[in-house]
Amino acid sequence: MKLRHILSTQQFLDDHVLAEIFQLATEVEKKDRENNLSPVLKGKMLATIFYEPSTRTRFSFESAMQKLGGSVISTENAHNFSSAMKGESLQDTIRTVCQYADVIILRHSEEGSSEIAARFSAVPVINAGDGTGEHPTQALLDLYTIWKKFGKIASLNIAFVGDLLYGRTIHSLVYLLSLYKGIRIYFISPRQLRIPEKYKTFLNQRGVQFEERRDLGDLRDIDILYVTRTQKERFSTELEYENVKNSYIITRDILQGMKENAIIMHPLPRVTEIEENVDDDKRAVYFEQVKNGLYIRMALLQMMLT
Amino acid sequence: MKLRHILSTQQFLDDHVLAEIFQLATEVEKKDRENNLSPVLKGKMLATIFYEPSTRTRFSFESAMQKLGGSVISTENAHNFSSAMKGESLQDTIRTVCQYADVIILRHSEEGSSEIAARFSAVPVINAGDGTGEHPTQALLDLYTIWKKFGKIASLNIAFVGDLLYGRTIHSLVYLLSLYKGIRIYFISPRQLRIPEKYKTFLNQRGVQFEERRDLGDLRDIDILYVTRTQKERFSTELEYENVKNSYIITRDILQGMKENAIIMHPLPRVTEIEENVDDDKRAVYFEQVKNGLYIRMALLQMMLT
Amino acid sequence: MKLRHILSTQQFLDDHVLAEIFQLATEVEKKDRENNLSPVLKGKMLATIFYEPSTRTRFSFESAMQKLGGSVISTENAHNFSSAMKGESLQDTIRTVCQYADVIILRHSEEGSSEIAARFSAVPVINAGDGTGEHPTQALLDLYTIWKKFGKIASLNIAFVGDLLYGRTIHSLVYLLSLYKGIRIYFISPRQLRIPEKYKTFLNQRGVQFEERRDLGDLRDIDILYVTRTQKERFSTELEYENVKNSYIITRDILQGMKENAIIMHPLPRVTEIEENVDDDKRAVYFEQVKNGLYIRMALLQMMLT
């Protein structure tokens, strides 16, 4: 199966593609651990165009490309394409860069920007985060992490904690989870940061069970605790922020009330919402997520460029 | 023929070098389209030293180098060489970088900076834009685009439109055009942005026909319409700027008054001076220029480093 | 011998490692000059994480890695790892990057940061400057330069001139010099910028002869004149700064009073403390230091990663 662009996880609402991606990621990981990777992308060029800097995501793609023998041209100051007072349009930038590259990785502050890019690009475009929209490759690596840990995805209970309004990695993952039977989702957030209506409508249409609540509450049945950062600037008063922030801090005490084989996920960066002494618990998998992201992106690049 | 540095198009006022460059660019393009490029620059290192950011030009050189098997070290913040209050001199920076690299690509805000760099460098230097001075590789790709489109350069009519005073790509191209018989140049610009005297003197000495005018006027005989961006800050009043800017906007209507086999060129970035609905006209070649720039730079790097 | 991390030159207070590094650097230099380098680091990934920009040091490591066939992921804006108001901790950044890379090169503004990085990294870390602490690979290249020039290090007289308080390259080099018999060190600095007590205590413990003075004075017996930049912001008044600055400027006149086979070193960037007409004197070796830095870093990376 050939992937053209990767813009939204909605395009993966066909189980078969995911299975193929995960299988290839598994193969790539095995080869990497055996120091046995083939330079299958030799002669191919990846361009990162980041209007918002994100060294984490940029490094992941650039490492993935080079590990498969490909080359990289990179900018985290994409606004430099237009040095004039009035900028060059995104579409002109894309039409320029696709003359140099075989795949474009785009990070942009505006939702929908990757669709525009894909429309004007002669080469595949991967959305590496478009404002509060989506971040599909993060969701794929999240799902891959769950799949590796549980050997399945169906019938799991997943709790999302924190900023569910602006958290694009959660938005992207919710679409993917709807593919699996028996999933139950808990949306745990302050009132101001509830999951947008459109995701709830989507889940209802797909018949996925979910509930919303404000407190962490009882986590005994949770298989996956997916924690996100709560941003100060979303609150009208400092006090309100502090209250919310402190109510969602994951501690060793909270872990004690969870299943032995549950996992704690986080898209990173983590600030104070998971205490550092949780990191040593075998259920904390956020740095494994980072490694899985490398393999997922290697798999995607290989599928798109070969 | 071995090229040492590329500082000004004046050094190409010998037809034979250009023919060789264009021939090699053609070969490289053919190999690229056949996925058959050889890593002839394997083991070679290119350094980009950009005091003024320009992702477009930087990407072009970095892609060219890597497509031929070479490696890249890159900065678009060259002022970071000197973190002190009082900066390191350009010559010290160059003497440092030439210890690491086999070729240096320099973008600098001051005219003549690339000559200084070349004087102190132990390795070849390519001027990738020095203030309002020159941008020789852009002129080479422009000329290559013309040559590919018309199969010749002699006896063509070319109109330059916009900022002819500060437009360094035009300055560099004017030198090259003087090599060909029967060329006729139209310099179309506002009064404030006329082509500098020294280029007119040069053309007179070489016996090249040219005329200046303020209005776009009749474009029926034009083979090449070379459009540039007019910068707001060059005008004393907003009104004056708006008048000029609007008088040079290339529209589909204007194209209707032009030859069927004319071409519309632009060094990019384009802002409003060419309407986007012109892009679909087969005469619009500005994104082809970008691709040709890649091949010209591959050819130049190969000639300089092998 | 396998090196794990490179954090301080104190870890080299065993002569044998240095001999091995210098021997490998010599071999690497020979192969480079013969265009005969082997891609021994093929498939390995180096990450530069620079919280303080330093194009010089970054280029040196990135060139070294790629010349040996390795790949690079690079940032000189490491603070971009944490886009939040409150940043991600260094340890989380390190635990992320070590998922992508086989070696991490860290430049950070705080002394001791590289020890923290090493503690949390699953891959080797090289300290590329931690505040006013150390810069061990600079000291290694300095020592290598001395060794190449004199064929030995024992029994040499070395004068350090300028900012000995904050000059981390000097701090790192002082540790290494203590290994050799018959060394005599002159610390020449203004009162405000004297070498910290801990280095004097260290030298006394090791039985190394040294003296401090304020004036350049008699340099007839000096084998190595190691000059550093004096930073204006270290002084309370402009006048005080100007006096000091001018009293340490190395001129051709001063060179006349020095040995024919002495050497003038500088870690760069140089501002006014060595006049440019000194550069042509064969005793000025600061650009050779740059080249030696490339070979030392190639040797270190090869030792650490193979």
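Letters A, B and C mark the chains in the order given here, with residues in each chain numbered from 1 onward.
Going forward, a residue touches a chain if its C-beta (ideal position, glycine included) is under 8 Å from a C-beta of that chain, and two chains touch if they have at least 3 such contacts.
Not measured: the values here are computed from a predicted model.
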item	value
Interface composition of copies chain A and chain B: same or different, split at half	different
Angular offset of chain A relative to chain C [C-alpha, multiple of 5 degrees]	120
Inter-centroid spacing, chain B versus chain A (mean Cα positions, whole Å)	40
For chain A, residues that touch 2 or more chains besides their own	74
Touch list for chain B against partner chain A, complex	35, 37, 52-56, 58-60, 62-63, 66-67, 74, 76, 229, 231-233, 268-272, 276, 287, 290-291, 294
Chain C contact footprint on chain B (complex, rising order)	43, 45, 47, 71, 73-75, 77-78, 80-89, 91-92, 95-97, 99-101
